[in-house]
Structures are given as structure tokens and as C-alpha cells.
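There are two complexes below, and they share chain A, which is joined by chain B in the first and by chain C in the second.
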Partner chain A sequence: MAEKLVGVNYAPPDLRAKITGRARYAEDFRAQGMVFMKLLLSPMPHCRVRGVDDSRARRVPGFIDIMRASEVNQPEGPTEAMLTDEPKYEGEPILAVAAESEEACAAAIEAIELDLEPLPFVLDPLQGLRPNGPNAYTEGNQFSGQDGWSTYKWTDADFAEVDAGRMPNPANPLVEWTKGDIEAGFAEATVIIEEAIVHQSVTHHPMEPRSTMAYWENGRLHAFVSTQSAQRTKMGMAGALEVDPEEITFVSEFTGGGFGSKIPGHTHMSLAPLMSRKIGRPVMHRVTRYEENYIGRARPGFQAWAKMGFRADGKCTAIDLMIVQDSGPYGAGDHNTASNIADITYTPGNMRYRGFPMYTNTPPKAAQRGPGGAQINGMLEPLIDQAARELNMDRLAIRILNAPTVEYGMGPRSQRMTSTRAKEALRLGAELFDYENKIQLSGQRNGSKVTGIGLGLSTYTAGSRGYDGLMVIRPDGKLYVYQGIGNLGTHSISDTARPAAELLGLNWDQVEIIWGDSSRGMPNSSVQAGSQTTHAHSRANYAAAQDALRKIRAIAARQLGGNANQYRVDNGRVLGPGGSMTFAQVAQRAIALGGEYDGHTLPGDLNAATVPAANMHVGTGLMGVARDNFGGEGGIYSWLAVFGLIELDVETGQFETKELVCATDVGTVVHPRSLGAQCYGGAIQGMGMAMSQRWVFDPQYGVPFANRLYTARPPSIMDAPRSMAWDAVGIPDPQTPTGAKGIGEPSVGAGSAVLTTAIADAMGGRCLCRTPLTPDLIVAELEGRPLPFGRLDQHVG
Partner chain B sequence: MHDVESVGVLEKKYSRRTFIKGVIATGATVSSANYLFRGPNILGAATLQSTTERLLTLTVNGQERRVDVLPNETLAMTLRYKLNLTGTKLGCDRAECGACTVLVDGVNQYSCSILTHQLRGRSVTTIEGLENADTGELSVVQQAVMDEGGFQCAFCAPGFVMSMTAMVANNPNVTREEARVALSGNLCRCADYDKILNCAMRAAELARSV
Partner chain C sequence: MANMKDMIPAFDLVQPTTVEDAVDLMKDAGDEGWVLAGGLDTFDWFKDRIKRPRVVIDIGGIEEMRGFRDEAGGIEIGAMTTLTEVANHARVRSEFGVLATAAEHVATPQIRNQGTLGGNITQDTRCWYYRSGWPCYRAGGNVCYASAPLAMNREHCILGRSRCVAVNPSDTAPALIALDAKMVVQSPRRRLYDAEDYFIGPSVDITRMTVLEPGDLLTQVFVPAFWANSNFYFEKVRDRGSWDFQLVSVAAAFRMSGSTIEDARIAVNGVAPYPVRLDAVERLVRGEAASESLQNAAGELAIQGTRALRHNDYKIVMMRNLVRRAVRSVAA
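Take a look at the complex of A and B:
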């Protein structure tokens, strides 16, 4: 009997390489004659390059060449170019230098003289909305493909409301949607909670900066890239370079994290290939941490007003939400997602959302783990506690009451979900945390330390449909699974093959995972983001395994007699009424038969990108190849309920997280240990977002103060909760054959919410309603001192 | 700056202040110059005599390695770009993340912040040196990571594994709380700290049984 694979812990197949130094990340590749490239970054937040004198740079020993903005594509409107002569943020790349050594690159960059014309800039999006406030672009602050640039401002009357601490009512919101009857919802409410909330921006800072090495050989590009996705990033790079994707050998075997900042690769990954093409040498673009701070993306901050109505029994009956978003120079969609997630998490039935995405001259924004959702859950959960307090209601009970069932539709279009086990997750977490007893500790004082209990509920997308699976059983009897998804540490490359291998009755040592090198075949895949891959590619691989199983049985019936359906697979053999065959024999027979059996004939509905990948393996064994046609209706969302216990020192404003409990709805659990790690890791990231990862700018010059790891500090091992536990609801999603949904995204918002609610709890229910929750902010609030900045000021952290 | 008489003289020339200034000036770390011993000399290191004097013998993973090193070159760059030991990672270039941690005479140190010239006569161990080259047997720390399924993206893993190696060598009876402190110089952005501590405790257990 073959071993059970789904729901069982195992060491991922790439782990040994990671701890012996054999794992090669982008900057670990070398090529004969390799030279270096570095970027000259803008010293100003917004300026025009009037002139570049590179004469001294060209005399630096080792200098090879310069690439200017005029040599790369310059898209219209607020779209990022690889290099620019009008930088929109401090740190935006102006030009690239290639030299024999990295140090010569740096020396040449030092020797370049720039003539820059400073331009107006805006850091705080709310300031950009003031009647005479600055714009991020010289042309305006709003752009549409149809109408071009325009300028959008609020009025003095609007700002009179803002300055008085009230929600303004600006005309013509940039984004607006409603559902139900918001007036009726508030009329029904016994308690109305209204707060202005600031959520800071947060730089992604994956451990591995986004380095690239590239060279061309006989017109073929060999690119070694730090990216979350693989096959999809290759397509993106082909588009950026305007080359045939099949003319790229794309290698991304290991990536040191991305958290959303390297989803389809990234804009600057194509510079090394361009420079290499220009100078005819292999080029290493080693990105430093300092550079990563600028070009490495950040989560957009919000300045928001939220008004929530609650009935006497605690049911949320209305939400009026307004968000001003720091979109950076090139836009972000977080605020829209945030509005939808506010709706699905608290199910008001009646909601109005008004959104104001504003371009700013701060580093570019991008999706960051739970984009939009992580911000809004961390911001709104303390308001739920305020309502519970005013209604004299239990904090868990009010959450369970308001959490959705599968009947509730999200957002203005009331999008339904495939499965929703939020209430079950809350109950499971409460049991694991021993909520009934722990909540009694709330507010308990021991010396200067006060206990706070935190609760957070969060959700996010957890799947997608329609991709392809590709696998081959070779004459050595092993199953080779070809993965087009990336390998950034989530273990998806192997986790998504486990249900397929189990279907084929294989032990894990009979399975080889092939990933990270397009020359070995990458089928059409989802991006490695939005917690999609566990769902999307366990399905795609399952479809391919079903195809393989059908062919195995057909071959067995052909060879051994009987009906194909009477044959079963186990332990690398196919067995039935006529006897048995090994998979090795089946593979040999498949090659002899040809046609669909060994991939000479492919299914007609495959995604186009899969065909070249499949063609690489024609005739090598029995091919299982199929598109995910399992279908399904509705969005795929996972849930995470998090509970925590902190001790806040009310004299210093420091706090320590003593306990963390995660309870999740991810459908079927594929890899328990990895799931637990995603819950904990994401929650701790969320804590860092709420606590220590500061985003601070000098308002006069527009340059960031917190631009390294020690100033924008992610949580260290000392910040990790002392005690952690997790569990999963474990009810399969009914619309996917493997039952599994992704995780990863929702844990960040839940972790942030645990801190925002626990600190408010330790402070007697006072919501600070801004992040980061720095000790000085906490102490100022406790001592009743005024803040050294405006209530809604952004980037002052 | 190029004339290297002795380690002592060099250390005087390269005080911490001038070293950091040099790093800042280059925007990152220093000296991958003359990569693979080609290209022109820079920073004035131009004479045949000085080139000869830059040759060092380093003991890395038990082997003596002859290497041409610039006066202001960090150990991380020497390992990665001269000795092709790319297991040691550069995460921050400036002693903030610990991804570049190696052992120098058994002590865990940030290789991004050590000048290679300081290591004459010292023994360096990198992540590549932990596995038994003949038998393929993993070290107790590596085995512990395999047992516990440690790490996610694992860019931090070589640094953590080296810190754990020093930790269990010093104290195989380490407690979970002590391990937390011992590993606090290493950053894991995936925040896989629970598993990392599980690995640390498993490594200590294996070390005790050796």
C-alpha cells in the first residue's frame, strides 16, 4: 500500500540544497566574462534630468558603458519605465552603468555629473488633496487612458471637516460603490462607532534583493532572475524585451522571498538583459539592500474614516468607509480590495465605499501579502471591540455573529464564495486559545505591565482555475512533475504535486519535482501570488494525474486484458484482473504506442504556453497532461482567526507578545507543517507591519529616513510570540477535487489585528487607530500628551 | 592604500570608520574588483608588486585557498566572487540581517563586515563546509533542519545554520529561550521563527547524542 501523502509532513525536495549551500539564487550564478551593472538612483523625489555629463565616468578604469532612459521603453501615463529622465521618487533609477567590477560601476556612478531641475513633490496623499496641494506629476494627479491627465482636489470646506476630526463629504469621489440601504442600516443601529484611522506604508524587504544575471548566446537570452513566479515571469520578460518567449532560457530555481514585490518578476529585471545585449557581455546586476529599499516596492498606506453601525444584539448593520490611498508614483489597487474585505468580514448588508487613490512621490507600491485586506482588518478590528464594549458584549461573540457564512456575497456585486468557514475558524481558535479563561486576564496589571487580549479575523483570495498540469512517468518508473510556478519558499512546487502522486498510488520517493528552469519545461501556470498555487496547481496537477491514470489503465487493459476501469494503481504498479505491470513497463509501452500516450498528441484545450513545454518531453514516457477543467463558481477565499495575549509596559510603551493562536479555514490541509508556518510567519509579519516597520520621510526634501532594515525593522526572533499554536478547520472546499485552498495572505491582517486590538485592550479600550504602534505613540496616548504630528499625517511613523 | 605591509598596518589604515565610509561611497559593499583576476586595477592598486602582495592564503572549510584580495575587500565578497562559495548570502551588506554569517575559528561572524585581510592564519567555515565531503553526512544542525522541515525561502538559512552550529558547539544543553538569544543576530523575513527554534532544539538534542 503506497504511503498517504496529503495531510502528512515531509521534508520538501529542495530543502537539502538550501542548507548545504547548493541552492542557487539569482546572484549565485556566474558566466564566463561576466561584468557588473549598477544603477544611478535619483537623489530627489521629483525632478527632471536636464543633462548628464559622463565624461569623467568614462575614464574610470574598468568602465564599459552607460544605458540611458532614451534606450528603454517609456510608457505613457503613470506607468513605470526601467530608467527615467523624470524620476518620481527618491531612488528611482535614472541610468545604468556597466563596468568590469561592481566597484568600478560605483566609481563611475560617483563620477557622473547630473544637472537636475527640482520639481514639486507630494509625500502625504492627503496633502495632495488640499486645494492648493502639490501633485506627484507635473501634468496633474489623476490619469485615464481615455482623457489623459487631470487634477482632483477637495475643497476648503472638506478640509475644515478633516481638521475638525470628522469624515469629509467630498464631491465626485474617484471610486464609489454602495450596497443595500446605508441610511436604513445606520437607522437600525443602537451603537455607531466612527474613527479616523492611519495605516502606514510598509516596504516588502524580502531577504533576497532583486538581483538578475543575464547573457545572450546566439540570439538566445539566458536569464537568472529573483522572482516569485516562473513561467509567467518569463512571459513578462519576453514582453518587456520584445522577444519570443521560447528564445529565453529562464532560470529561477530559488527565490529568497517576495511577499508580492516580485510577482511577475519586476520592472528592473529586464535591465541586465538589455545591458548584456548592448555590451555583448554577461551582466550581473546585484541589487543591494539600500537599493531594494527604493525599487523593492511597498504596501500602500491608508488614511481612512470608518463609520460602523451595530444593532443591540451586536450585528453590524452598516459600514460607511472612506480611504485615501498612498498609491506611490505608479498606482495600486489595495483600497478597492480593502473595501470588499471590510464587507465580507463584517457582513453589514448595507455599505458605502468611497476611494481616493492618490499618486505620491514615494517609492512604488505593489501588492504585499494580503494587499488591502491586511490593512483593513488591522484597522477595523479595534472598532469591533469598541462596539462590543459599548454593547457590553463578548468580543468573540460579536465576531462570530458578524462573520460570514457561504450565503453572504462580497462587495457591490455580492460575489459568492466557494466555501466560507469563518465562524468555525473563530470557534476553533477560541478553544485552542482557551479564550474563556484568557479573556479574564484582560486589563490585569502586574507592576507596570498590563495584559491585553487580541483577536483578529482576516480573509483573502486563495485560489484560481484553468491552468495546466504536465507530468511524465519515465521508464525508470518514476513520476516527473514539471512545475511552472515559482519557488519562493512556500513549498508549493512539491505540495501541489502530492495529491496527484497520491492519486497515482506513488510513494514520495517515486516522485521527482522539476522546477525553476524553462529549458526543462514549464507548463502554463498561475502567478505565484494571492495564495493561488495550492488551489490552482493542486487542481492542475490533479487533472494531469487523472489523464495519466486513464492512460495507465488503458495500457494495462491492452497488455493484460480486461476492462481498463478494473485496474487500480498502487506503489508504482498497475494491478487488475489480468495481472500487474510496473510503471516502468507502462512507460516503455507508452513510448512504443506513441500518440497521446507519450505526448505525440496533446489535448486540444491546453493553454498555448504548455505546448512547447510538453513537446520537450514527447517520447520520454507516459505523459499526463491536461488543463484544469474542473470549473467552479464564486471566489476562492481562505480565513484565519488569530488570538493573542500581550503584556504592555505602560511606563515604556514596549510590549511583548506572549501567546499566539491561529485557526484557519483552508479546506483540506495538504502539508500541515508548511501551513502552520504560513500562519505564524504571516501573523508575525503582520505584527511587524503594525509595530516596528516604520516608513518615515523628511517632509522638506522628500527623502526617507527609515530606509534600511534597522530603521524599518522587521520582527526578529526576539519579537516572535513565546508560545504559538495552530489548527485548521479541515473541511474540504466542495468545488475543487483536492479540497485545498491557499493560505499565506490572510495571516498578515490577522496578525496585525491581534496587536491593534490587544494594545487597545491593554489601554482600556482606547484605539490608537494608527500604525506603527511605536512606544512613543503609546506612551503619549497613555499620558494624555498631544501627538507631535497631525492626527491624520502620513509617513511620520 | 594599496601597499599592504602587514595585517596590523592594514588594520590601522582601515579603521572601522574608513571601512564604513568606503562601503557608503560605493553604495553597497566593496571590492568585487578584478573579478576572476581580470580587468584593470582600480583604487590605485596598480603595480605588479602590490598585486603580488595581495595574494593571501585562507583556510576555508579545512582547505588552504590562495586568493587575490583587495585591501578593502570583505570576506563575503571573497567567498562569493573569488572562491565560488555562494552558499553565503548577502542580504543587507551591512551587518543588519545575518544572512552572510560564517564561522571564524568557530565563532559566528558577519562576513559582510570582516575584511578578508584580517583572516590570515584564521580558519573560516562556510555552509558548504558542514556536510561531510566524503560521506555526504549532514552536520547535526543540517540534519535537525531536515527533521523539522525548517525554513521557507531559506535565503537566511545558511546564516542561521552557521549561528546554530556555533550555538550547539558552545552549549548543547541550550534552552529554547537561550537559543532565541543566540540566534537573534539573524533575521528571517518569512518569520519562520517557530520552526527555526524547533530546528535549534533538535540540533541540540542531536549534538548531545553524538
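Take a look at the complex of A and C:
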């Protein structure tokens, strides 16, 4: 009998190569005659390039060529170009140089004389809202495709409120939505909590910078790219270069992380292909850590005001939320997501959201693991505790009371979800954490150390629908699953094939996963983001497996007699009333039959991008290929409840996280070990965001200093909790055949929240209401010392 | 000249195997030479293309600068001994535990495996204006960007400023001061410096952190036995659990007679351009029991004369509390 695959740990197929060092990342590839390319980065946060004198650069031995902004597409409005003559942040690429060696590239770049006109810049979005505050663009600070540029400012009266520590009421918010009756909601409240809260921006810092190697051969592009997604990134690159996607051989077998910064690849991945086309040589563009800090994206920071009303029984009755977002020079959508997640996490029924996304002259922003949600959960969870404290209510009970059920609709359009097990996750986590006893330790002091208990609840999107699965059973009897999703170490490339393999009654050693090389076939796939792939591609592969199963049974019935439905599959064989066949025999028969069996005829509803991938495998065996037509209604969201225990040293402001417990609602658990790793990894990433990771600019010169890993301070292994545990609710999502939802994202917000709440708890309920909660802030608060910056200032530390 | 980082310029590499050869090579190279120990400070400078020596003198092959030598009056540690070796050495751990503890607190295991004791105490400051290549006083310019009204100076000094407000980043330096260690310098003349005199402030020479001048080589660190097996205390406050320089650190050695502090040496780092020996605090606690009032008085005395920049007032509190805690560590 075939082994059970879903819900069982296994060794992913990319593991051995990583451990042995055989895994090849983008910068490990080489090609005959390959040269190097480096970027000249802007030294100013906003300037205009008046002139470039490259005469000395051209005399550097090994110099080959220069590419200027005029040679690449320059989109209208606040949209990033690969190179620009008006850099909008320090570190924005102005030009690229190709040379025989990287040292020659560097020497040539240093030999270039730039004539730059400094332009006004803004770092702190709130400063940009001041009546006479600077704008990120010379044309203004707001852009619409219809009306072009405009300038939006608050009034002096608005800032009088801000400076007095109150929520302002600016006219004509840039984004606004309401649901229910917010006035009635606050009128119903016994307790109203109101705070101004700051969440810093943080750089993504994936371990592998975004390098690219590319060359052209007879008009065909060969590109080796560091990206989160594969098939979708290939399509993006084709669009950027205006070439037929089928004229690209796209390779991305291994990627050292992205956290959202390489979702569809990235803007600068097309520079190496362009330079290669220009000079007729293979080009390697190795991005360094320093460059990655600038072009590698960052999570948008928030300056927010939140007002939350609670009934005497603890029910949240209203939220009034206002967020000023640091959108960088090219925009970001986090604040919108944050508003929706605030609604679904605390279910007020009555809510007003006002958003102010502001362009700034800081490095570009992009989705970062749980974008929006990761910020807002860490920011608002301490307010829930404040309410509980004022209502003399248990902190877990107030969360369970306010956590949603599937009946609650999220956001202004009241979007329903396919399944919501937030309450169950909270209860499961409480049990695993031994909450009833641990909460008794809250505030206990031992010497200079005070115990703080943290609780966090977070959610995020966890799936999507409508992609394609492609697989072939070959005459060797094995199932070959062709994946178009990327491989950034989350195991999605193989996890999503496990339910399909189980449906086909296969043992895991009878399955081969093919990924990361478009010349081997990549079906239309989701981006590797938004925690979509476990859901989206377990469905797509399941659909393909159903197609394969139907064909296997049909062949068995034709060959052996009887009704196709009477045949079952197990351990690489199909068995039924007429006897049995091996999958190897079935594959041979499929090739002989042709038509739909071996892919000569494809389903008519496939996404267009799947057809060429399927055509690569026509006649190689029995093809299972199908679009995910399982359908479904509502958003797909996963949940994570996190509990933690810290000890805060009130004399130094340092703390140690002693325990961390994660309890998650991800529907069916496909791969337990991978799920645990996502829970822990994301939670620790979020804890680092709450604790130490930072983003500091000199406000006079507009340049960042936290531009190295050791100055940016993401969390280290020594910051990981001493004890960690996880569990899953394990109730399948009813709207997907595999029952599984994704999990990459919500763990970050919950991890952040567990520290923001635990630290406030250890400080007797005082919320510092800003991150990162570094020792200096904590000590200053405990000692009653003044902070050296404004309550809502950004980019300090 | 356009900005370029993360690409080490070419240089001539020489690898002497004796101190004598190293000193000769340093003399030959003059201002164009650079001494390479573990490389943790060096390669940041090189990668940023701010320091561009013509000749790099790699002293990693000089055996006489490695390891430990037991001597009657103490222990001699080669400057090229790695921080991991210092942290793990049996005698250092048992008799001079404050040094082992300080070495354990440096950065990460990988950095401690590569970084040397000599490098850790001789490394340059990490002021980010200076390390970013800005033309400040320390870099030969005529301004301190870190003390400008809007500057980001959370990690800068509260004591000892003199045009420059950078701090010494070493973890082992205050421990060596607490142990009254001696620094052995050759150039080629052999000189001995008390640990506290090895470090200099900007008022002495704003371009250097130590007494080492071009041509000088720190070869050994001698830790005298006088403070062996004392009651030691080391603590480092930092933003995260590893790979982080101190915000403030303290190292102390106490010789006890019952519950009375017979003698003490206390040093702090992260508060001045040099590690600061707290001799006034030492005088205060000598002959006293480490009562709560003494702990508090020691803390208050330690911070006398401190002056915060815009963003580092917290360091005054932290320094006071760490000194209190050091004294508290020998309370009955």
C-alpha cells in the first residue's frame, strides 16, 4: 500500500544540494566570455544628473561600455526605471558599466565625474505633509494616472493636533473607507483606547542579493535570476525586455530568500540582459550587500493613530484608524491591507480608515512578508491589552471574544473568508503555552528582571485559485511534476505535489519534481507570495492528478476490461476487475494512444502560458494537465496565535525571550516540519522587527546609515526564544480539495505582537507604541527621561 | 569621483613570519602600508574603498604572536591569538575570567574564530559617519558630522569628546584594563604600555584610537597575576544577542576580604572615544562593603561629568546602572 504523504515529514528534493553546496544560485552560473556589470548609485537622496563625464572611465583597462538612463524605458509618473537621470533616493542606480572584471567596473565607475543638481528631499512622510514641507518629486507628492501630479498637505491646525499628541482630522484623506456606524460604535463603548503609534521601515535583507547573469544566443535570452517566483518572473522579464516569453530560457533553481522583495523578480534584473544585448557578451551582475540595501526594497513604515472602543464585556465596538505611510519613491500598498486586517482581527463592526500614503526619498518599498498585517498587528495588540486592563478582563478572553468567525466580513466590502479558525488557534495556543499558569507570572520581579507575557494574533492571505497543474507519468513508471513556482526554500515546490502524488497512490520515491528551469516546462503559476502557493498549487497539481487518474483508469479499462471507475491506484499500479497494470505500462499505452493521453490534445481552458510547457512533454508519457476549476468564494486567510514569555531587565532595557508558542489555522497540514519552520522563522523575523531591526537616516543629508547587516540589526539566532513549540488546529478548509492554506506571512505580525505586548506587560501595561523597542527607549521610559525625538518621528535611532 | 563600495581595490600582499620582518616591512611601506590581523575591521575599510593601502602586511603567519605563554608573574597572550582561543583557554577562564567572558561577547562565533585579541583592542571606531567615508575630523577633515544638531548619534560618546564624539568599540579592552594588563609594542624598539594608557582620545590624536603610530606593532598582551582569581564582573548591553557592538559595557575586578572590597579596578566602554577606567569609583569602593548605598553612590559617581548628545542620554542611565551592578556583584 502506498505511503501516506500529506501531513508527514519528508526531505525536500532541494535539500541535498543545499547541504552539499551543489545548489547553484544566480551568481554561481558562468558562460563563455562572460564579463561583469556594476551600477553607479546616486550619492544624493534626490538630484538631477546634469552631466556625466565618462572620458576617464573609458580609459580604464578592461572597460567595455556604459549604459545610461536614456537607453532604458522611462515610465511616466512615480514608477521605477532601471536607470534614471533623476534619482529619488540615495543609492538609486544612475548608470551601469560593463568591464572585463568587477574591479575594472569599480575603477571605471570611480573615474566617472557626475554633475548633479541637488533637489529638495523628504525622508519623514509626516514632514512631507506639513504645510510647507518638502515633496519627494519636483512635480508634487501625489500622482494619479488621470490627473497627473498634485500636492497634498495638511494644515497648521492639523499639525497643532499632531503636536499636541492627538489624532488630527485632515480634510480630504487620500484614502478613506467606513463600515457600520462609527459614532454609534464609540457611543456604545465603556472604554476607549487611543494611541499614536510608530512602526519603522525595515529592509528585506534576503541572504542572497538579487544577482543576474544573462546572455543571448541566436536571439534567445538565457537568464539566471534570483527571484521568488519562476514562471511569473519570466513573464515579467519578457515584458520588460519586450521579447516573446518563449524566447527566454529562464533559470532560477535556488533563491536565497526574498521576503517579498523579489516576488515577480525585480526591476533591475533586466539590466544584465540589456547590457548583454548591447555589448554582445554574457554579463554577470552580482549585487552586493551594500547595493542590496538600496535596491533591495523595504517594508513601509507607518505613523498611525488608533482609537478603539470596547464594551464592558470586552467586545470591540469601533475602530478609528489613520495611517501615514512611508511609500518610498515608488509607492506601496501596505496601509490598505493593514486597515483590512485591523478590521478582521478585532471585528469592530464599525470602522473608519483614513490613509495617507506619502512618497519619500528613501529606498523603494515593497511587500515584505505579511505586508501591512505584520505592522498593524504589532502596533494594535498592546491596545487590546490596555483595554483588557481597564476592563479588568483576561487578555486571552478579550482576544477570543473579538477574534472573527467565518461569518465576519473583512473591510469596507465585508469580504467573507473560506474558513476562519482564529478562536480555535487562540485556544490551542493557550493550552500549549499553559496560559492559565503562565499569566500568573506576569509582572513578577526577580532582581532587576520582570516577567512579561505576550500574546499576538495575526492573519494574512493564504491562497489563490485558477492556476494550472502539469505532470507526466513516464515509461519509467515515475510521476514527473513540473512546477512553475519559485524555490526560495519554503518547500512549496514539493509540498504542493504531495496531495497529488497521494491521490495517484504513489510512494514519494516514485515522484520527481522538476523546477527552476523553463526549458523543462513551467506551467502557468501563481507568484510565490502572499502565502499563495501551498493553497494555489496543491489545488492545481491536484486538478492535474485528477486528470491523470481519469486517464489511468480509462487506459486500464480499455486494456483490461471493465468499468474505469472500478479501477484504483496504489504503489505505482492501477488495479481493478480485469487485473492490474504498472504505471510504466500505462505510460507506454498512453503514448501509443496519443490524443489527450500523452498531451497531443490539451484541455481548452488551460492558461495560455501552460500550453508551451505542456507541448514540451507531448508524447513522453501519460500527461495529467488541468486548470484549477475547483472554484470557491471568499478570501483565503490563515491565522496564527502566538504566546510568549520574556524577562525584561529594567536596569538595562534588554530582554530575553524565554518561551514562544505558535498555534496556527492553516487548514490541512501538508508538511509539518515545514509548517513549524514557517511559524518559527516568521515569528522570529517579526520579533526582530519589534526588537532591533532599524532604518536610520541622517536628516540633514538624507542618507541612510543602517545599510549593512550589522547596522540594520535583523534578529540573530541568539535572539531566538530558548524554548519554542507549535501546533496546528488542523481543520481542513472546506473550499479546497486538499484542505490546505498557506502560512508564510501571518507569523511575522504575531511574532512582532508577542514582543510589543510582552514588553508592555513587563512595564506594567505601559505601551511605548513604537518600534523597534531598543534598550535605549525602554530605559528612557522606565527612568522617565525625555526621548530625543518627536513622538512620531521616523528613521531615528 | 563617483561612489563605489563592496569592491576591494588591489594591493601588494606581504606575509612576514617574524615580528622583526613585519616591523621592517611596515617601515618600508610607511604611510602606504596596512597591517592585517584577523581582517574584521580591515576588510570593511577595504570593501568600502576608503582605506587603500599599497602594501598589506599580513601578520597571520607570525607564530610568536600567537598563543599563550605562562609566566611566573602572569600570562602572555599573543596579539594574533583568536578571540575564540582566548575565550576557551583554560587558565584564562579559571584565573582571568573577565577576559574570557568579554571575548565571548564579541560579535559571533565566526568572527571570534577569525578575529584576534590584538585586532579587537586595536580596531577603529564604528562611528557611521566616519566609516561611511565622510570627511570628518578623524578622517582628516574639519567637522564632526555626528555632533551636528540633527545628527544620528545614539551610539556615540557621553565622555571624552574633543571635536570627535566616536566611541571605542572593543569588548576586551575594558576587561584588560580591569586586569591591569600591559600591551607589548615593537617598532622595532620594544615598549610596554598599561592597558588604560594604550588607548588615546581625540584630544591626543584625533586620527588614532591607540598609541600605535605608523611602524608600531602590538605583539603581545601581558596579563599580570595580581588580579588572578579576583571577583570579576562583565556586562555588555547591546541591541541584539550577537553580532553587535556594545551600547555600554562594564568590566570589573574586585579583590575581597570577607564582604569588604579590598581593591577594585573598573572600566567601562562605549561611552568615550577610549575605554574609561573609573578610578574615582575604585577609590570610593575600596575598603567598603558593597551595600546598596555604595552601589548607588558608585553609579552616581561614575556618571559625573557625562554629557549627552541629542540621541544618547540613555547611555548615562545605562552606565550608572552597569556600574551599580558591577559593585552589586560582590554584595554579601
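By definition in this document, the second predicted complex is superposed on the first by the 797 of 797 C-alpha atoms of A that agree within 3 Å, B and C clash if a C-alpha of one lies under 4 Å from a C-alpha of the other, contacts with A are read in each partner's own complex, and residues count from 1 in each chain.
In this section, contacts are C-beta pairs under 8 Å (C-beta built on N, C-alpha and C of every residue); 3 or more make two chains touch, one makes a residue touch a chain.
Source: prediction; values computed, not measured.
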{"item": "Which superposed partner A:Pro699 touches (first chain B, second chain C, both, neither)", "value": "second"}
{"item": "Touched partner set for A:Gln654, first chain B, second chain C, both or neither", "value": "second"}
{"item": "Partner chain in contact with A:Pro788 - chain B first, chain C second, else both or neither", "value": "second"}
{"item": "Partner chain in contact with A:Thr288 - chain B first, chain C second, else both or neither", "value": "both"}
{"item": "First, second, both or neither for A:Ala780, with chain B first and chain C second", "value": "second"}
{"item": "Chain B versus chain C as contact partner of A:Ala111, first or second or both or neither", "value": "second"}
{"item": "First (chain B), second (chain C), both or neither touched by A:Ser716", "value": "both"}
{"item": "Chain B versus chain C as contact partner of A:Arg30, first or second or both or neither", "value": "first"}
{"item": "Which superposed partner A:Gly21 touches (first chain B, second chain C, both, neither)", "value": "first"}
{"item": "Touch count on chain A, higher of chain B and chain C", "value": "B"}
{"item": "Overlap of the chain B and chain C footprints on chain A, listed as residue numbers", "value": "38, 102-103, 106-107, 109-110, 288-291, 688, 709-710, 715-718"}
{"item": "Interfacial residue positions of chain C with respect to chain A in the complex", "value": "1-7, 9-10, 49, 108, 128-129, 132, 145, 148, 150-152, 154, 235, 237-244, 247, 310-315, 317-318, 321-322, 324-325"}
{"item": "Residue ranges of chain A in contact with chain B within the complex", "value": "9-12, 15-16, 18-25, 27-28, 30, 34-36, 38, 60-62, 100-104, 106-107, 109-110, 205-209, 254-257, 259, 286, 288-291, 488-491, 673-674, 676-677, 680-682, 684-685, 688, 708-710, 714-718, 720, 724"}
{"item": "In the complex, chain B residues that touch chain A", "value": "25-36, 38-43, 80, 84-94, 96-97, 99, 126-128, 130-131, 138, 142, 145-147, 149-158, 161, 180-181, 183-184, 186-197"}
{"item": "Interface residues, chain A side, partner chain C - complex", "value": "38, 40-41, 43, 102-103, 105-107, 109-114, 288-291, 448, 651-654, 688, 691-692, 696-700, 703, 705, 709-711, 713, 715-719, 772, 774-777, 779-780, 783, 785-786, 788-789, 796-797"}
